[in-house]
Amino acid sequence: MTRMYDEIVAVTENRPLTGGHFLLSLRAPRQAQATRPGQFAMVRLLGRSDVLLRRPMSVYDVSPTTRPPRAAGKRGANAHRQPEILQLLYKIVGRGTRLMAELRPGDSVGLAAPLGHGFFAEEYLEEARRADEVLLVTGGIGIAALLLPARELATAGIKSRLFFGGRTRADLVGVQDFESSVAGITLATEDGSKGHRGYVTEPLANYLERHRGRKFLLMVCGPWGMLRASAELAKRHGHACLVSMENRMGCGLGVCLGCSIRVEGTGHGAYERVCTEGPVFNAEHVIWAREEIPKI
Amino acid sequence: MTRMYDEIVAVTENRPLTGGHFLLSLRAPRQAQATRPGQFAMVRLLGRSDVLLRRPMSVYDVSPTTRPPRAAGKRGANAHRQPEILQLLYKIVGRGTRLMAELRPGDSVGLAAPLGHGFFAEEYLEEARRADEVLLVTGGIGIAALLLPARELATAGIKSRLFFGGRTRADLVGVQDFESSVAGITLATEDGSKGHRGYVTEPLANYLERHRGRKFLLMVCGPWGMLRASAELAKRHGHACLVSMENRMGCGLGVCLGCSIRVEGTGHGAYERVCTEGPVFNAEHVIWAREEIPKI
Amino acid sequence: MAAPIAERERTPAGTEFNPQIGVEISGIHFANPVLTASGTFGYGQEFARLIDLNQLGGIVVKGISAEPMEGNPPPRIYETEAGMLNAIGLQNVGARRFVEEKLPFLRGLRTRTIVNVFGYTTEDYVRAIEILNDGSGIDAYELNISCPNTRAGGMVYGNDPRLTAEVVAASKRAARRPLWVKLSPNVTDITELARAAESAGADALTLVNTFVGMAIDIETRTPRVSNVTAGLSGPAIKPVALRMVYQTARAVRVPVIGIGGIASAEDALEFIIAGASAVQIGTANFYAPDTALRVVEGIRAWCRSKRLNLSDVVGSIKIPPSAASPVS
Amino acid sequence: MAAPIAERERTPAGTEFNPQIGVEISGIHFANPVLTASGTFGYGQEFARLIDLNQLGGIVVKGISAEPMEGNPPPRIYETEAGMLNAIGLQNVGARRFVEEKLPFLRGLRTRTIVNVFGYTTEDYVRAIEILNDGSGIDAYELNISCPNTRAGGMVYGNDPRLTAEVVAASKRAARRPLWVKLSPNVTDITELARAAESAGADALTLVNTFVGMAIDIETRTPRVSNVTAGLSGPAIKPVALRMVYQTARAVRVPVIGIGGIASAEDALEFIIAGASAVQIGTANFYAPDTALRVVEGIRAWCRSKRLNLSDVVGSIKIPPSAASPVS
């Protein structure tokens, strides 16, 4: 189990982006330095008991200072400095995220991070090295889990490509941050306001079709339908596929057993905890029957 | 029943004073214009259910603009303008007031006002006119209920005098606001950091002693001990005494019956509602036995 | 009364659907399913300066006993996390003064008037009802059976099926109007009490009343409320109240009226989907007096957007086949 | 153990008073009265990276059954106002794997280990205890009797005095360690169950377990938790839990351990003043893992400032003579 830190930390910035998305910057050096790509944090709103539980949020980025993410690619002189800022990219969907959006610099939140196993648990990294290309597939706020993996792959010299879908162009936040790390970006919107009109799994299917014979690894984070569609495509073409799963979380620490989903082919019993054995699972182990994946 | 307004209103200022006191200014023209001296408001913190009930707060001041209360005396050209701002003077004592202290300009609160019967219900005003002088007696945050009465008395040409006690000098907030309305101010602090060392009821007793034969009306707002001591002094010297009572309030609207205290000599049954029949009661009607006045 | 679903589904999606949100309970028609709960809305008049009372489905007035009662010494209330404790002690003006002084105002409203009734013996209940029978403008009685029966050694009427049946049967005989029975949630099996009340003649069941709770001042080491224990209400109790409404609606044939922590139309719809024919708003009236009206509007808007009449929604919860035991 | 009050009162007010906050329950000594509640602290190890487990009075581990159990399908939890619903379905590794894999870590701690035990028949309970008897490092058992007895038609053990007595008596005979019994709050009269458990041999009573509640997704009109009903915990339940602890402490002679919505030392002190010899922290561990340690420190500081030992505080509530009925 990697080291994890649970502390009260200060907000340094909370920047509104398009489509009800925000980028929250927290001064959390210990959490930032310990985070591996695909891990998440639990965020607590302090001083109130009506929103009781902490909210799970992927670690979007870690950086030495709180510069705009646009500049995050050209790290240059700063690259050797230890990160002090941990960033979360989130979307307002309910009470907790609405309250997060009201945070201002100087406010504090509770932050437990890093949590879970990311995309580069040992066996997964091996898988990535063997692939010709890693396909990062995401929809909506799932993008938040993929920036650090994209960077890690670039650093390791592994080619990657981003497939990113949303309902409308305002959902396609953070694309610029990926530009320096990935070999290509394919966008899709359901309303056609940007990129391919429809689901991003459609251009993904075409891409896999056109490059039969190559060996891909898929890293997917997004809504359930997209996870399943991606997993099916991967399976059909014989590629490995890693999916970052979501579930309601009571603790994020592995003790409440509230986040369990049914997973096959593992030694740890029928149910596994998204917060501890996940959130990244091998898509082959996930049982894709609807009733096993909660509509949360 | 006077007209009362229950609305969401905007904070225009929330100024920290000494000793954990704050002066909250709200843009609430309808409430401000309807308020009579000694009436109160119910304040609701929006968007949370853990601090559920509204908090009762005396209306400290009403003013056309949000000028500092220090200037409130010299109204000059503004005096004819209708008030738009309603001010509350409060002290942090628990969760609700701590959260009130975090309000910033532009935030909103729920505000129901004016509520209750103030110091100038018809029979009381008659009483005031008959007195040689009205003595405004208060301790701590009780001061918040007495500024509007002081002004009203000045306007009506009735002489008044303020007796104001606190634990320490930092508790003596707002004194300047009274200067232009009262004939004299006597201060007391328990630690002797300002004015008489001890309770303010001591100089009050001296004053009553020195001016035997004159006819006073006491208007008192403060902690229970001070209310009772003042009521006893008034009774001993044969003066009328009006006390503004406190109690926990569920609604402030007269429906929960949570604020009832036992009152004698009235037609409305043994218990009367502080929020509706009060908060100002004739001290002669209050039953001063400890168990009838809640330690809230 | 409601247009058949098939017909509505034929109306093109674009046309405005105007949902029926009226409901009939114990033979009385309510223009909408939102009432204000006893003890939280006074005798109605107090709120007349704040909201249009005629927009309410009904008003349940503060509990009335045969004789006036003065209530408990202060402090009577205390705020808790997302809730409040109260031990008012059933202070009220008595049935006679209620009829003379409070009823005329209520009679002038289009809104339904339900009178909440209580006592400490079965005869108390009967006597109160007999006095109220003479008042005009009352649409139904709501029996508050969360009182300790002074004869039965302080045992609470509503916590015992036998006592419940006794007081309901006697009250039903006395009542010249429909009789609703308001159940106590402080019981092991709410359906047992519900069935006892139904068998004894209840025309509708309202639930829940408050949960018995407590708070202590650690500085003085005394109870925060003079009565020591007090009733918990507000959003904190909603999940348990909702469960009890769900269970009761499946156990009886008479209509169920849901209460407990309702503060929004969404909350109210949860109760209705669980099986409540109507809802009551309690504690929320204290801090947001417009709650009941917002709930009416929210239910109407939701029904419109779903193209459903209220009657389609009542008890329409879908239980997944995987769900096994009713216990966590 | 505690210095006599008279002596302490003679120590000049200026000198530091070092309160005794240890407590003995069922023959076991706890360094302080703060334990973590079953199901909210895993098997202890999960929190080792977060807090110093040796500072806790005790750890009550997740409920253990004779055989491993896989639990309920998701979703299993839902947040409510100042509370949460859970229907985990008692997922656990089974008594044998617990003894082999989880107990060694706990044995290494100075903190007391209490094992929460459950089953669906009385034999289940006995079998689990027999397996656990062989494990070393367990200080006591805590019987979770909030389970439906599959033999008694799903009736919940803890809601019925007869079933309670049966399972407690059988478990007591089997147990080679002190037996605590954890009561269900979903009952009309908690003291009846408490006395049944005490008479059947319980060495201590812990209360409360969760309240049965529910939440509904109005968009899909399905329950928010797959099991339909689920257990409510957290600050929302504190007032009712406190009332039950107060009543139970006055009804039995064995020690009572208080649980329910405790999130601060002030909350814990309310339970202790009401009569609890110790407390357990549940849901708060999820969102503030340092709660139990803050509660220990807060209790110590409060006792110091009041110059009281813990034993002076337990059950020290003062009831005003005016307080009459136990019902609001």
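Order of writing sets the labels: A, B, C and D. Residues in every chain begin at 1.
Simple rule for what comes next: a residue touches a chain if its C-beta (ideal position, glycine included) is under 8 Å from a C-beta of that chain, and two chains touch if they have at least 3 such contacts.
All values reported here derive from a predicted model rather than from experimental measurement.
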For chain C, the least number of touch steps when starting out from chain B: 1
Distance-maximising chain from chain D - centres being C-alpha averages: B
More contacts between chains, A-D or B-D: A-D
Approximate Å spacing (C-alpha centroids) for the pair chain B, chain D: 47
Gap in Å, rounded to a whole number, between the CA centres of chain B and chain A: 55
Cα-centroid distance, chain C relative to chain D, in whole angstrom: 34
Whole-Å separation of chain centres (CA-atom averages), chain A against chain D: 37
For chain C, residues contacting two or more additional chains: 73, 81-83, 86, 88, 220, 226, 235, 320, 322
Residues of chain B touching at least two other chains: 49-50, 291
Contact graph of the chains (line, ring, star, complete, other): complete
Touch list for chain D against partner chain A, complex: 39-42, 46-47, 49-50, 62, 68, 70-71, 73-79, 81-84, 86, 88, 91, 93, 220, 226, 234-235, 263, 283, 285-290
Residues of chain C defined as touching chain D within the complex: 73, 80-83, 85-88, 146-148, 154, 156, 159-160, 186-189, 210-216, 218, 220-223, 226-232, 235-240, 242-243, 246, 261, 266, 269-270, 273-274, 302, 316-320, 322-328
Residues of chain B touching chain A in the complex: 47-50, 99
Residue ranges of chain B in contact with chain C within the complex: 1, 3-4, 6, 44, 49-54, 110, 112, 247-251, 253-262, 269-271, 291-296
Touching residues on chain A, where the partner in the complex is chain C: 49-50, 291
